[in-house]
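Letters A, B and C mark the chains as written, and numbering starts fresh at 1 in each.
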Amino acid sequence: MQVSFSAQEIIEIVRPKATKGGCESAVEGIAALADAKPGDLSFLGNAKYKVEVPGTAASVVLLPAEYFGEPKPGQLFLLVENPSAALARICGRIEQALWPKPSPGVHASAVVAADAAVDPSATVGPLCVVESGAMIGAGVHLQAQVFVGRQARIGAGSWLMAGTVVAAECVLGNRVRLQPGVVIGSDGFGYEFVQGRHEKVPQVGHVLIGDDVEIGANSTLDRARFSRTSIGEGTKIDNLVQIAHNVTVGRHCLLCSQVGISGSTRLEDYVVLGGQAGVGGHITLGKGMKAGGQAGITSDVAPGGFVNGTPAIPYLLERKIAVLQQRLPDLFKRVDALEAQWADAKKSSS
Amino acid sequence: MQVSFSAQEIIEIVRPKATKGGCESAVEGIAALADAKPGDLSFLGNAKYKVEVPGTAASVVLLPAEYFGEPKPGQLFLLVENPSAALARICGRIEQALWPKPSPGVHASAVVAADAAVDPSATVGPLCVVESGAMIGAGVHLQAQVFVGRQARIGAGSWLMAGTVVAAECVLGNRVRLQPGVVIGSDGFGYEFVQGRHEKVPQVGHVLIGDDVEIGANSTLDRARFSRTSIGEGTKIDNLVQIAHNVTVGRHCLLCSQVGISGSTRLEDYVVLGGQAGVGGHITLGKGMKAGGQAGITSDVAPGGFVNGTPAIPYLLERKIAVLQQRLPDLFKRVDALEAQWADAKKSSS
Amino acid sequence: MQVSFSAQEIIEIVRPKATKGGCESAVEGIAALADAKPGDLSFLGNAKYKVEVPGTAASVVLLPAEYFGEPKPGQLFLLVENPSAALARICGRIEQALWPKPSPGVHASAVVAADAAVDPSATVGPLCVVESGAMIGAGVHLQAQVFVGRQARIGAGSWLMAGTVVAAECVLGNRVRLQPGVVIGSDGFGYEFVQGRHEKVPQVGHVLIGDDVEIGANSTLDRARFSRTSIGEGTKIDNLVQIAHNVTVGRHCLLCSQVGISGSTRLEDYVVLGGQAGVGGHITLGKGMKAGGQAGITSDVAPGGFVNGTPAIPYLLERKIAVLQQRLPDLFKRVDALEAQWADAKKSSS
């Protein structure tokens, strides 16, 4: 990524509360404090790295307003309320260069059904397929090699990256982002066991995705057996996550990478699941509950709960047990000793 | 999904043992008992939800023959042997509308090698690639953007959804279904460590998939180092599952989402693995064995076994230990008390 | 895979130290000792299978030089230093037939930007997309339906299989292999929580992949928030692995299937992670450390360390605790008995 900002341009973007020092050179990169070299911008986003500020070679450093140190010669400190947020504003400016708005229109190599409704302001990139009856909203960007099935609907401003699949009948809200390789609307995993064989239960529902949802690369969301699998507004899903049929995910949840959620389970709003956590079927995770990475959740969790482990139990209890487990070798020795003392006492008293 | 059935059409599809009540309106949706509104069909598939029947607003309800309650005015109860199976028959009818049989033929945008053998009754959808020597059987449907490599063979009636990849030399049986993004025939993960580097071991085997197998979205099946990785007839594999090289999966197994199976392991028939379970390499899982979600299986399991936990042990033992673990804080206190009593006794006796 | 070698051709490929017996028939397959039939080649790669040598029906068997048995009539034993390495040489020869070098050039159906730089010796297969400013090096093979984004660079001799995605600005070294469905350069999972909503933190870095790296099917590597996510030379990554933003993976590491690594974590050289292991964010795994399958690593591990379990602890301690856990039912009984004895003693003494 070619980046070039003058110190003055950076100041205009972040609007600092105060500045210290100054820098002549252009900012041509962003780096962590310890890795930065002259010409880079860096930032103190986590107090843990405070000791690295005096040693950084970065030309421009974003710092919390209460930071007391002084810059080196040729170094500019920008004191801001929230350095991470300030950096995000700079990155937002860079992003416009990284992902320029494409021109509207349908690429000549795309295969679009005659009766699909593509908004004139939408971009359908090379080698995309848009099937019969599909609806592509205003300003939508299908990057390349995207598949949109029959009767599917893609809401305004959504961005579907290379190789994403939205199968028939599925519905995406506005400003939805699908990272490459996402599959929306694969069949749910449902079979009836009949005479020694697994007979397929047809999966005739769909997937409904709310506004401002983002879904990570190669994640998979199954269509419902009937009615819908749904993801609430503002929820963010990381890479390689599995959402089974008839799951309901609330609004503003965060599902980290490789999470798996079994069928018909319901997540209320603001749920946060750590990486590789697994959730059983037909249960409810209450509003704002959290689970640690690799947790295996097999029953309902109350709103605000924080669970960990497999099977998942309250976090503090799980931590306590994990510590005690490491003391098991010692505990076995202590019980051995008690038994030996008892046997001795018995022998000497007889 | 636009659905519309008259009560009479529903009766013809499910052929109930008896009916109670009646309904004038068309059935235009399917929903769970608690979610259903007038115009919906619902069903009692699990005795757990029996209390929800009297309150449901569904216009038509599929119920087990022994159900005793009475419908509300304008509500039709259909008493059947198996409400889930009856629902599956209705969904099967809906599925024909959702996934109409495509017309045979090769789409103009597909790239098909001159010496590939495509049956005239097969459908090769837009932007598919079929390489040299590949064989596409009768009635096969390659939906869109599918890749079929050199000398690969796709059996009659198979259905490969958007973006699936079947690499060179791999062989699919009849009526195989691949959900979007499935990869068949990626290289196995094999290296020899030579002078500080991992030298690739060429993977020159293939993947052989039996009749009536279904594989979920974005799952990956590696080709064998030599000979074959094979999946038995009737086995069903969920999304994001990993099958390593030279694995043999028997017939009629169920592998839930995010399961991973290491190289050269053998699953006999009717094995069932819960979500996120992991299986080590070079072991055998006996006929009909089962493993819980997130189990980590590191050694052979006898036919009919049921294991859980990491490392996986017999289910009942694992459950017992899990319960005792939660009593560890108490156990440590009890041993503390015994030691204190002993010390007191010793002091008072001395 | 059609294979046919005469015994003489096999001898020329493996150059054995000595031979015993002889075989007239051509070698037309490779199989494990127990599965081989006449016409197959087999090998003793693991001492565990030594007992299977006398019974094998293979026509040619690769054996370690110190093997003492005699072949059956019509059977040829080839005594070599390392049977696995000898087999790899044969498979290497077969591989050339399985994956013949494609002709250079851009397929007519590919969509290549006018200002992309495609080396004349590179092959751009059917239905690939190469965006503006991308650079495709000498001898590169984009198999089919591959996406290479703006300004991305693919080093010489790299091989990107069907359906892989390399997003804008990402850089691959020389001789990199991407198995089907790999995604390089999806957005990192970063949000700021502002007024009840998760605001996206733009991800404007890229992914940098060293020479001789191989990445398995449907794995995902996120672009950095800024600067880069990087994979060192010679590292091999299995299927369905997740690498988060700003992760640094050293040289010659092995990451088995379904591993997940959280943001900003650093792996030094020669790290080996077992299948389904998860690694937390912002930690360092020292040179040559190893982790067992399903390990959950939440803090730094020293160079050479070997950890297991969740949370991961030193391997031997983890094994010891796992054994003691299975004796917990017995330990509870022993403590019950001690308490009862104590109570009895107290009663009788009072």
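We take it that a contact is a pair of C-beta atoms (placed from the backbone, for glycine too) under 8 Å apart; a residue touches a chain by one contact, two chains touch by 3 or more.
Just so we're clear, the structure is a prediction, and the values are computed from it rather than from any experiment.
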Interface sides of chain A and chain C: same vs different residues, half threshold: different
When chain B is superposed on chain C by its C-alpha atoms, the rotation angle in degrees, nearest 5: 120
Chain A and chain C, separation of their C-alpha mean positions in angstrom: 25
Set of chain B residues in contact with two or more other chains: 109, 127, 145, 163, 181, 218, 240, 258, 276, 294, 310, 325, 331, 335, 338
Complex contact set, residues of chain A against chain B: 109, 111, 127, 129, 131, 145, 147, 149, 163, 165, 167-169, 181, 183, 186-187, 189, 191-192, 196-206, 218, 220, 222, 225-227, 240, 242, 244, 258, 260, 262, 276, 278, 280, 294, 296, 298, 310-311, 313, 317, 320-321, 324-325, 327, 331, 334-335, 338, 341
Partner chain B, residues of chain C touching it in the complex: 1, 29-32, 35, 84-85, 87-88, 91-92, 94-95, 98-99, 107, 109, 125-127, 143-145, 161-163, 177, 179-181, 212, 214, 216-218, 234, 236, 238-240, 252, 254, 256-258, 275-276, 293-294, 309-310, 322, 325-326, 328-329, 331-332, 335, 338-339, 342
